[in-house]
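What follows is a pair of complexes built around chain A, which joins chain B in one and chain C in the other.
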Partner chain A sequence: MKILEGREKQIYRHGEDSYDISCEKQSLAGSVSQRACVFCGSRVVLYPIADAVHLVHGPIGCAAYTWDIRGALSSGPELHRLSFSTDLRETDVIYGGEKKLYNSLIELIEKYEPKAAFVYSTCIIGVIGDDVTSVCKKVTKETGVEVIPVHSEGFKGTKKDGYTAACNAMFRLMGTGDTSKISDYSINILGDFNIAGETWIIKDYYKRMGIEVVSCVTGDGRIDEIRRAHGAKLNVVQCSGSVTKLAQMMEEKWGIPYIRVSYFGIEDMSEALYDVARHFENEEILNKTKELVSSEIQSIYPQLMEMKEDLQGKKAAIYTGGAFKAFSLIKALKHIGMKTVMAGSQTGNKEDYKLLKEVCDEGTIIVDDSNPIELASFMIEKDIDLFIGGVKERPIAFKLGVGFCDHNHERKIALAGFIGMLNFAKEVYTSVMSPVWNFVPRREKQLRESEGL
Partner chain B sequence: MLLRHTTKEITERKALSVNPAKTCQPIGAMLAALGLHNCLPHSHGSQGCCAYHRSTLSRHYREPIMAGTSSFTEGASVFGGQSNLLQAITNIFTIYNPDVIAVHSTCLSETIGDDLNQIVIKARKDNKIPEGKYIIFASTPSYVGSHVTGFSSMVKAMVNQISEKTDKPKQQINIIPGWVEPSDMAELKRITREMGIPTVMFPDTSGVLDTPQTGKYKMFPKGGTTIDDLKSTGDSIATIALGKVCSGDAAKELDRKHKVPCEIIDLPIGVKGTDRFIEALRSAAGVSVPDSINDERGRLVDMITDMQQYFYHKKFAIFGDPDQLVAMTEFLTDLNMIPSYIITGTANSRGKKFEDRIYEILGEDYPNTKVMVSDMYMLHQLIKNESVDLLIGNTYGKYIARDEDIPFLRFGFPILDRVGHQYFPSVGYKGAMRIMERILTLLMDRQDRDADEETFELVM
Partner chain C sequence: MVVKDSKKTATKNACKLCTPLGACIALKGVKNAMPLLHGSQGCATYMRRYLIGHFKEPVDIASSNFTEHSTIFGGGQNLETGIKNVLKAYNPKLIGIATTCLTETIGEDVNLMLNNILKSSDFQEYPEIVSVSTASYSGTHIDGYYHAIREIVKTLAKADFAGDRINILNGLFSPADIRHIKEILDDFGIDYSLLPDYSETFDGASWETYNKIPEGGTELGDIKLMGVAGASIEFGKTFNYESAGSYLEDKMGIKNHRLHYPIGIKQTDVFFNVLEKISGLKTPQKYINERGRLVDSYVDGHKYVFGKKAIVFGEEDFVLGLVSFLTEIGIHPVLVASGGESGKLEQYVDVIKSKTGFNKDILVKQGLDFTEIEEYAKTLSPDLLIGNSKGYSFGKKIKVPLIRVGFPIHDRFGGQRILHIGYRGAQNLFDTIVNTIIEERQKSSDIGYSYM
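Let's look at the complex of A and B:
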């Protein structure tokens, strides 16, 4: 395979190369990168806040492509699943879009009576120079509804910068709600998006431990909860890339400590609960946690072991948005007997890749900001049985005759929590063991050989 | 009720767009470019645009979608994107080695004033385009037109920048199929083969976006219009363009540039639509229509005769793109159905073509039909005021269908939640039969569901 010149350093083979992976680089112009933009980062983080309206200020595309594509569930309002846009036209680009933005906001607030409004700036806003902030201020003043600008012009960085813009937007809301009745044993769940109801699973665990969850911020999110999030005693942060920044800002302003966790896989899920229990140094909580973890594991273990028998020795490749998730996935795959032979991410940093190298076996390929050709060649080289990735990778895996598990925001089943581990194993099992692979040339050949034909 | 906020009362909105019935130009340009053989579409803008288009097309076709991007940064937005594009061109030809790079612009690159024409000239001057390789480009700012006009611009660019006229005329007919599925393009080619007419079709996504499972991943599948074929369109005896909005400009460009006479007709959906297509083919090529095609037509009409009572005066609402709306409305009114609402998100930038053609089809028989350029929120409001028996449109119609409990036919772009459109055509007589079958299933399933025990019928 030919590797794009300038990309060699972003691919590392464990045990073969000296470790010096290069990352956090701009993608090469012309490469078919799997990455997105700043706007995308902001939009996915704020998207699950269900009682706010999300107005995309720009031409129609940015609003159309992000209309209800994330399975972030809400237990009540569904405002986040609608698509609102200023649908800028040529004349707006010439004369400016501020008036249209103002009118849109007024109409939107009148119609939907939201708890707050987020206004996303797209590429073009950064070029034509609309003063979005002052329009937002004006509308807030006139309507009494908090209108928050999200500075997410697509070209001004990477998806990560979009996360930061989203954190800044949420941070503006914090510190404005009443925190008087919040318990001493209380947390915020940060960085879980309630895909397929995952936040609900996690929230339930913490509740059973005797911990109050003040705000889930980004999962089944509510404006009023975010307003009082600063009353929590601890921030529990998942999805390293997206909201660590918010936790840091909260620590700085209100002295709330934070811990980083992952809810995927048995070990990491258990650790996420124990870490919180240990933080509060409370015997009762710790005991409850032990009980919870052991009963949950017992309830899924037999089924996992059953599936492991068939999955033993199968090989997997992982390509995720952020790198943090990959650690958990590697461990989770180990539990069901599977080996990770390739791991990569769109936006991992040096630290991430160093950790990744530590949990991977020799021979594993570690890659940053990959592209379809590379991914396909790794899949063939390593003769993998399963690919874990997102929408753009799925058809490539299927074309090659490789099983697939969507661990991105389009997933339909909850993969977090203990029950999520079982769901994950089931999903992997269903895809890897599907009889369809018997018809795929590569496997057909192996099948014939094994039968001595 | 996901759409619980939709009010029955319709008030004027000055600025806000709610749940659009369109998307932006670049994705259309990208899709059209995928219909060229060995072509890599390239998005000259931020990375996000390209990622969104690829994801959407991937969801619609369940196929890998390849496209490059200039990966704009803040620097590019200040100093212009020329160096990004030049570097991209070098990288793409070196590594991916396509025959063609089809560049489209975005709102960002247009607004900062990048001139694709000038950049491509520079690339040529700097020897960045290898011998035998091509770059075509189309200007597709997202704040003009919609996805269908972006498609149209890229198809026009194919003519403008690739087609040639030699002194050797070719006994072939150009078919510009418009924004239809790979299955439709394959069906159109089958029909022309059946009639014994040599054709060049462009763009042609069959064999690109409906590839078989082979255990191999090919960045450039074997389908698509080749450069040689595309070049030869200037030597053809005629052009038949399907769909005024998506194909009209390219056909006229061929006429203007190479004096290839063109006929621009509606998409060949339904009886009359397909009749016109067959007639256009027949007269352009000077052939007679074979029995096999007449039999196909006969079967379609036979099916309509058998089932007409189930269509009688059923009211439908349809939303989507102008070319599709025109053709489908004509077919359904021929089935004796009544169009209640016809909505597109694509404003008429050049004259009132879309509404004119719809009113022409409707004649004076449907005075109450509402034809509008608007969004899905408006469509929902209209339906709340007076409901319909069938809703037709892309996947985004499912919210309305569910809230209002209306049978829903998926038709158009994008379809994100069902399969079939890639593989089974809607054009031609056979395609019309498939559309009918799907509508009948919906209407009759509904009748079965709603029937009382005593009126629940076994034989229908």
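Let's look at the complex of A and C:
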């Protein structure tokens, strides 16, 4: 495979290459990046807020492609599962879309009675010169429902810039709610999106530890909870790429410290709970945490070990959005006997890749902002049994007869928490151990050769 | 171009997609072709994801990857880098460049840029380059699809002596549909060029090594030969612009037969009659037999379906085909809805009604979204919803079963293999509908009939 000029340093073979991996670059034109855009970054972060209207300002595509695409569950309202667009047409592009934006907001607020509305600017909004901010102000004033502009024009950077725009939007809400009854042992869960109910699992752990969860950003999210998020005593940040910025802003303004955690895999899940318990320096909480962790692990361990027997020595590749998740996955795979031979991400930074090098074995390929051709060649080169990624990677793996585990927003099975570790192992097992691989050309050939045919 | 006035308020759960997506589907149906979207990275990624969800195949679409800089100063450099990188990585024989709302709004002159790139370039051998204007604020995905087919033909087809080949200009069919059309033409023994052909590129076999561009697709040579065909058959009627078929007719004198999508007996008969007429050949016995079995099954199942009310939605041309099929079996399409707005839907529904002898009122609405369809459904109380899987969420709310057809199918397996067209496609649809009705009856009865 020819690596495209300008991408050589974004691929690193641990133990062979000595340079620092290059990252945080704009994708090369024509390279079929697996990344999306600024809008996508904002949309995924704010998406699970279930009692807000999410209005996409622009032509129809951006709203149509993000209609009900995440498995982010809500325990109440489900406005986030609807797709609203100003659906701009030629006349709007010529004469401006402000009026349509105004009318749309008034209509949606009347019809759905949301707690707030987010207006996402798409590519052409800046170009046609709509003053989205002043329309939002006007509607807020007229309806009493806060309308928040999200500056997410697709071309204005990468997905990460979209995360920042989303953080800015939520930051506007914070500091406006009543925090008088919040416990001294309280946290915000930042960066969990309640995919397949994961936030609920995590929330339950904290509750059992005696810790109050003030708000979730943004899993099963509610506007009023976010408004009082500044009353929490600690921010617990997962999916660091998307919401660390928000934690930093909250620390600066309200002095709330934050810690980074991951809820994937046994070690990291346990560590997350212990980190929180240790932060509060309370014996009772610590004891409850120990109890919780040990009983949870006991309940899943035998089954994990059973699966490990069959999975021992199988090879996996990981390609995620942010790099932080990859660390947990490598450890989780180790637990069930599997080896990670390739790890990469769309948007990792230097620090992430440095850490990744430390947890990877020699010979592991580490890659930033990869593309289908590269990923396919790594799969073949390393002769892997499992690929962990998102929807866009799935057909590449399947086409080559490689097992797959969806670890992205569309998954319908909870993979966080202890029970999530068990689900993860089952997901992996179901794919890796399937007999259908016997028929795919790659394995069929190996089988024939081994049988001397 | 006529500037159409648009709705004054928000579109809620759109029953349409944006124009460049359609262009990408068409371009994926050309052999060794690679689509390149001129715009932001997100467009390509979102469309890839959307198409993968339906076809379950790798869908590589390149992007010229706009930045703030290119938005202000123009994207010529990005386009050039994009083309060069696509050539290096994919080595395609054709690159199809489709614009997006961003590049259309800032007024990018892609053809001029391409001229400059081709002139100044150090590449030895350039592939064919087709550019298509697909502003997403104008039209829907089906327009992007038709536009791309026209531009591919305009770029490649060469006029010469008229031969007796036939051009088939496909509608937005499933890979299974396209395979069936090819089978029909092969059985007739007709020489043909069929465009686009994503029957393999979007529904192919497992690979041993990674094919950068999936196998299959219309050969470039076949597209060139479209200029020397004796006649064209073009599927789809709901548009107001030059189509590939009308271009070939006007510029190269190739008679264009513009047909509705051949769904159901009536429209399939039209298709076979045209094939017989322009080839001078008889319909192979195999299809006469298929038609015979289909009629026989219509008789066997007529009582289940007669008088049932259906809401039909999707691309305008697709729903017209469905209306023809449904009215010929006695199902009443109480609402015919589309997110498209060609202005032609109503008139064609009337024509089709007169052909099938259907005399009940049909509410025909263009430019609808799914929340509006849901509103209508409350008063129309349909027995069935027939359309793509995006109708599921409102169907669940109003507790009416959805028969999944067309594009996209995101919540069921095998959407790419649904056969809609020809007698065999009608058989498949008829069996599916009858069985859905039987299943509903069985489910809603306490008796538990084991014979239905």
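A few notes on this one:
Just so we're on the same page, the second predicted complex is superposed on the first by the 443 of 453 C-alpha atoms of A that agree within 3 Å, B and C clash if a C-alpha of one lies under 4 Å from a C-alpha of the other, contacts with A are read in each partner's own complex, and residues count from 1 in each chain.
Going forward, a residue touches a chain if its C-beta (ideal position, glycine included) is under 8 Å from a C-beta of that chain, and two chains touch if they have at least 3 such contacts.
Treat the numbers as computed from the prediction; the structure is a model and nothing was measured.
Annotation: superposed three-chain arrangement on chain A; chain B versus chain C shows a clash. In the superposed model, A:108 lies in contact with both chain B and chain C. Touch criterion not met for A:259: it reaches neither chain B nor chain C.
Once the two complexes are laid over each other on the shared chain, residue contacts for A:433 go to neither chain B nor chain C.
Shared-chain residue A:359: touches no atom of chain B or chain C. In the superposed model, A:413 makes contact with neither chain B nor chain C. Where the contact sets of chain A with chain B and with chain C meet, they give residues 2, 4-5, 26-40, 58-67, 69, 81-90, 92-93, 100, 103-104, 107-108, 122-124, 126-128, 154-158, 372-373, 376, 379, 391-392, 394-396, 398-401, 439-442.
Taken together, the chain A residues at the contact with chain B in this complex read 2, 4-5, 26-40, 58-67, 69, 78-79, 81-90, 92-93, 99-104, 107-108, 111-112, 122-124, 126-128, 154-158, 372-373, 376, 379, 391-392, 394-396, 398-401, 439-442.
The part of chain C that touches chain A in the complex is made up of residues 1, 3-14, 16-18, 20-21, 36, 39-50, 52-53, 56-68, 70-71, 78-79, 81-86, 88-90, 100-102, 105-106, 135-138, 140, 206-210, 212, 371, 390, 393.
Partner chain A is touched in their complex by these residues of chain B: 2-5, 7, 13-20, 22-27, 40, 42, 45-56, 58-59, 62-74, 76-77, 84-85, 87-92, 94-96, 106-108, 111-112, 141-144, 146, 211, 213-217, 219, 345, 396. Residues 2, 4-5, 26-40, 55, 58-69, 81-94, 100, 103-104, 107-108, 122-124, 126-128, 154-158, 371-373, 376-377, 379-380, 391-392, 394-396, 398-401, 439-442, 445 of chain A are the ones touching chain C in the complex.
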